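Multiple structures are listed underneath, in structure tokens.
Both of the next two complexes hold chain A, though its partner changes from chain B to chain C.
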Partner chain A sequence: MPAAVVPDLNTSLPTQHTLIPFLQSQSQNTLTRLYQKPSSCLAIFRLLAPLERQLVMNLLWLESAIPVATMAAWVARDGKKLYDAAVVNLGNLHILPSSMVKLALNSTFKTSFRHAITGGGTSGSFGVPVEKDDKRPALDLGALDSYALERWETILHYMVSSGSGQYPSKPSQGVLYLLQRSGLMANIHGALQITSFGFQFLLNSPHEQLWNLLLQYLHMAEERQMDLVEVLSFLFMLSTMELGREYSTEHLSETQKAMLEDLRDYGLIWQRKPNSRRFNPTRLATTLTSSSPPLPTSTTTSSGPAEGFIILETNYRLYAYTDNPLQTAVLNLFVTLKYRFPNLVVGTITRDSVKKALQSGISSDQIISYLSTHAHPQMRKNNPLLPVTVQDQIRLWELEKNRLKSQEGYLYTAFASQADYELVLNYAKQLNTVLWENTAKRCFFGSLDGHANIRGFIERRTGATG
Partner chain B sequence: MRAIKGVLLQCDPAVKQILLAMNEKQSFIIEELDDYHLVIKADEEYRIRRELEAELEKNTYSLEGS
Partner chain C sequence: MSSARPAQAVATDKPSHLSVIVDLSPSQWHLSSQPPPANTFPLTLNSFLSQLLAFLNSHIASKHENTLAVFGAFPGKSLMLYASTESETINPSAVDANSYPPFKMLDSTIIKRIENELDQLDTEEGIPVALVGALTKALCYINRISHFSAANVSKAKLPDSLTISDPHILILSVSPDLSAEYIPIMNSIFSAQKLRVTIDVCKIYGTETVFLQQAAHLTGGSYISLERRDALLQYLTMAFLSPPSIRKALSVPTQDKIDFRAACFCHKKIIDIGFVCSVCLSIFCQPVPVCSTCRTKFPIKILQRLNASRPPPTPLRNGLSRTTSMSGTGGLPHSGSIRTSSSNGTLR
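Up next, the complex of A and B:
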């Protein structure tokens, strides 16, 4: 056992994986059922923060519970806050039931996780691989990667070009529904359009994008009356599978078989035919709980922030070294594109192009952050990264759009006396509905939702005095 | 005491002057509160926004010459 919990110099709490809060919101019953699967335990373990992982490992091989005080003795004072947070987190996941006296892992979790590490058992929770079929050879890694990439980029590309009136290949109905449900796209005038939230989504790394969508999928699964444990454990199973290997569908439950179709649409798995009895997980699936990139990095087409491609000059001219239609389409949201060469797109950021973007709900900060995350390595020599003139101008254009603010409500005026005015004004202030006031003119403006209350208040008063 | 239904507009003084000029043509202002605030008729808001936008657009120079 390591001597002490290493105090982190940076006392701020590490960022959590997006799935953890979702798991914590589930009932103990659901989680315990999930922990019966060794693959789920391993996958969740991989999603935990480093300190939480260490705590789990420390307790995993202990047969009996250990006193809380013994554990706490290992923690240096600087690390106390982190340790407490980790224990609470594990407690919420029901991995480490919170107790004032003794610490011990959830017994189901302990048994399954030991299974996952030592192997053995015939639960098949890591998937059942099938023998190679020489007559129908599986896809090789390259083909599998390009399949996953193609599927994933189809979704993103569809989102991005939805506002421009041109429609590239449409993803399946299931994907469209998911995009709409997750608020990434909205139905405006009978057609799906990308929302402001959707644009932010495009700026995320592929890993975050994937989990964002899967999280929505999980929420939907609850509504579709699918068994959440089955859905989750299948995702976790996929995440522990080996890339390039074929697995059998025969051991899957009915729910999981139904999921195959959805996951095919997202590019997480590949099947020769819809009713094929074997499937191949793609890199998108096998990296779900790992830190390796979900899309192949060898092709420069992936929109990862590692490889920047945008050069922005002080004269608002923008050069993008890309031949990827997806990236070009994203740029087209806020840049007036001028020329297009095999590996280069040239355009200008103009007032009109930015205004168009602002009108579709994209904010100036989002534009600027997109430009800086995708800046070309050459640009990184500049300090600040983006020309200040351009940054400021984009912000000014946004301000220009908001020159007029409006709010519906009622103007209260012609009060009989100063006392009357102050009384009503104070009442309105308590309700927090006053938008504007002027004592000299003896009038104030209240928002719409406060009106019923204020009218009632005045009526009661006049009723009382009169 | 009186309560008048309307929309509170918050704007800068320059925009307010444009609005006042627009009001001459077709009246929509209920009350001028101060340099930054106006109360207008609720059902006129959409038209005002559109006309103001067109007015402001006249004062901008576009690179594309459109």
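Up next, the complex of A and C:
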């Protein structure tokens, strides 16, 4: 089960959160400003890998720096690689300034994170809650969840159905722009069409989808001259807010107020009116830094449990207990659907349907991981989860696609003599650029990147002799 | 767009459950807070609690899905002080903008409940703390939530993806061993082993406790006796914050010596050499004609032979192969011949 393999602690380094590389690319100045907010520190801390978190915690309550060797002694020999990677990672985030002698946390980070853990301070970074207004009651949790779900599914549904020519309800302009900007959809013949990135995106977990979009939003914010620190700290603030509580907009900066509209479109927050002075974070926002599914189990739109509705049989037949149009549409990407019932969709995985998916840029691993993450609880009793035949066949179909590999390059031919040919060929072989050679015909094919060198070599040769 | 990467990170980075058992014996905490002549590093209950809360917050901070339960062992009573899965009725209306709401909730709930309990306490001396009661409650709680998630009940308050992995219990002990609790403690240890729960022990004040050492050893946890009590939080963070899954990569301190002595069933004394019923494995400090647990009668001849072979108060204990020493081979560091005199003296 490729999707369920837990990488061995000792051999493979744990993968990072999507946001970490983005943060690492920021300047130290930006990050230090970000670390002034306790809520940002807490949120970033949660995105770190387990060992990194432990390392931060070890150093958090120390007043003085400790020697590098002392800290390294705390790691067992097996974990050395992991530990070194953790130190480098934290160094890149400027949480743990890299030093050869002593280790100590960035003082701004340390102060703010201590405030976050112990409470106190005056930063107000966890959002200013407002008293309940009896005249205009806030939404209850259920309504909030279904609001978030509806917003999010609108976006996804719009994406998935864009190829089919039928357009359900359209998300707002801001969302459309973001989708286009992020390369998930492209403007083809005046209409937005989903790209192969978009197809891959659809099969990701909701949590990844959300972060991918937000990451694009952050890139866009940079271009729109928005203050990145404000944008990030607002997102992090949202992630530490309490679900079902109303917060005041009055203490937000101008940038953050401008963000309210965008976030409303994505379903991260709810506001009674666009100019309302209070807002509610939805579950999408409050679970940003967790790995639990951000989307609530949809009780209104589908009958079965939202996660786990697919039953796959060895005969390639697939039963999906759902009436959710989005899930059906996603399945339609790689399944030939046969029947639809009020709560059940039946289809088969065929060569054609999988080929169609592969053509639109979806990989076999994505299909398999989608099937296994959404497998029905009944399927979970099987080991392996998905029938091996089906998995293998999906992979084989992908391999079929890869029978031919194209590579750009140059054909070198019409050498004057065998000696010339061999000289150039040997040179090209040293550069490791030869893709194909035929001595009898005195020609060979070299890859694109070696061309400049080979050409220069030949020119030098002809220049020297001629 | 990076595909499927965070999913893997999640797989290695599972939420963990921590149950903390706090020994809140007023008399021991009073002793612990005595200034320097009595203690090199005095530790008051207040400063202990503030460091504990910081530690608990760190656990919650580490991961959104981490769960936490706190149990208090009071004299003669044990109580669940906090559980992150229970929805709280005490709603701190004053959620302020400077603290993370779950932390605030946790801190206020725990402090409030401890204050309540301590106010209600009888002043009567000498009631031992109900450590075993708290331990049992913690195990029951872990059992409940792990069954809960296994059953995958979607209607419940818990998100159904929540699977309890790596549950561990941390016992913060200040009271000395209660030999009367030997059997219930051993039973708890066995159920902990069965539930795959790691028991960590931090001895904050007082003498080493034999039973808790064994608990930590048998469940693969670590037992730490604080040397610098002013650095409590640092000890807690470095040794006990990491979930068992990442401890593989760390050198978390473990005991170098474990006291494996057991307590006899008849007088509840911790003994070095005992007599074991061949049928039910009950332990006695002296040969008995009838096993008090399973009612097996032993022939008078064997009794005589055992009595004859009982060691005199001074050495010569190597000859007794039949009088089974429960300390076994593993207990070599503390083979206990030195202490024999004291415990044997009481047996007569």
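By definition in this document, the second predicted complex is superposed on the first by the 305 of 466 C-alpha atoms of A that agree within 3 Å, B and C clash if a C-alpha of one lies under 4 Å from a C-alpha of the other, contacts with A are read in each partner's own complex, and residues count from 1 in each chain.
Quick note on the criterion: a residue touches a chain if its C-beta (ideal position, glycine included) is under 8 Å from a C-beta of that chain, and two chains touch if they have at least 3 such contacts.
Only a predicted model underlies this, so the values are computations on that prediction, with no experimental measurement involved.
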item	value
Which superposed partner A:39 touches (first chain B, second chain C, both, neither)	second
First, second, both or neither for A:289, with chain B first and chain C second	second
Partner chain in contact with A:422 - chain B first, chain C second, else both or neither	neither
Partner chain in contact with A:200 - chain B first, chain C second, else both or neither	second
Which of chain B and chain C A:75 touches, first, second, both or neither	second
Touch count on chain A, higher of chain B and chain C	C
Touched partner set for A:404, first chain B, second chain C, both or neither	first
Partner chain in contact with A:61 - chain B first, chain C second, else both or neither	second
Which superposed partner A:208 touches (first chain B, second chain C, both, neither)	second
Touched partner set for A:254, first chain B, second chain C, both or neither	neither
Interfacial residue positions of chain A with respect to chain C in the complex	3-7, 9-10, 14-18, 38-39, 42, 45-46, 49-51, 53-54, 57-58, 60-62, 73-76, 78-79, 82-83, 115-129, 182-183, 197, 200-201, 204-205, 207-208, 211-212, 240-242, 245, 251, 287, 289-293, 297, 305, 307, 363, 365-366, 369, 373, 377
Touch list for chain B against partner chain A, complex	1-12, 15, 30-31, 33-34, 37, 39, 42, 45, 49, 52, 56, 60, 62-64, 66
Chain A to chain B touching residues, read off their complex	336, 348, 350-352, 400, 403-416, 420, 424, 435-436, 438, 441, 443, 445, 451, 454-455, 458
Complex contact set, residues of chain C against chain A	1-13, 15, 53-54, 57-58, 61-65, 95-104, 107, 152, 154, 159-162, 233-234, 237-238, 241-243, 245-246, 248-251
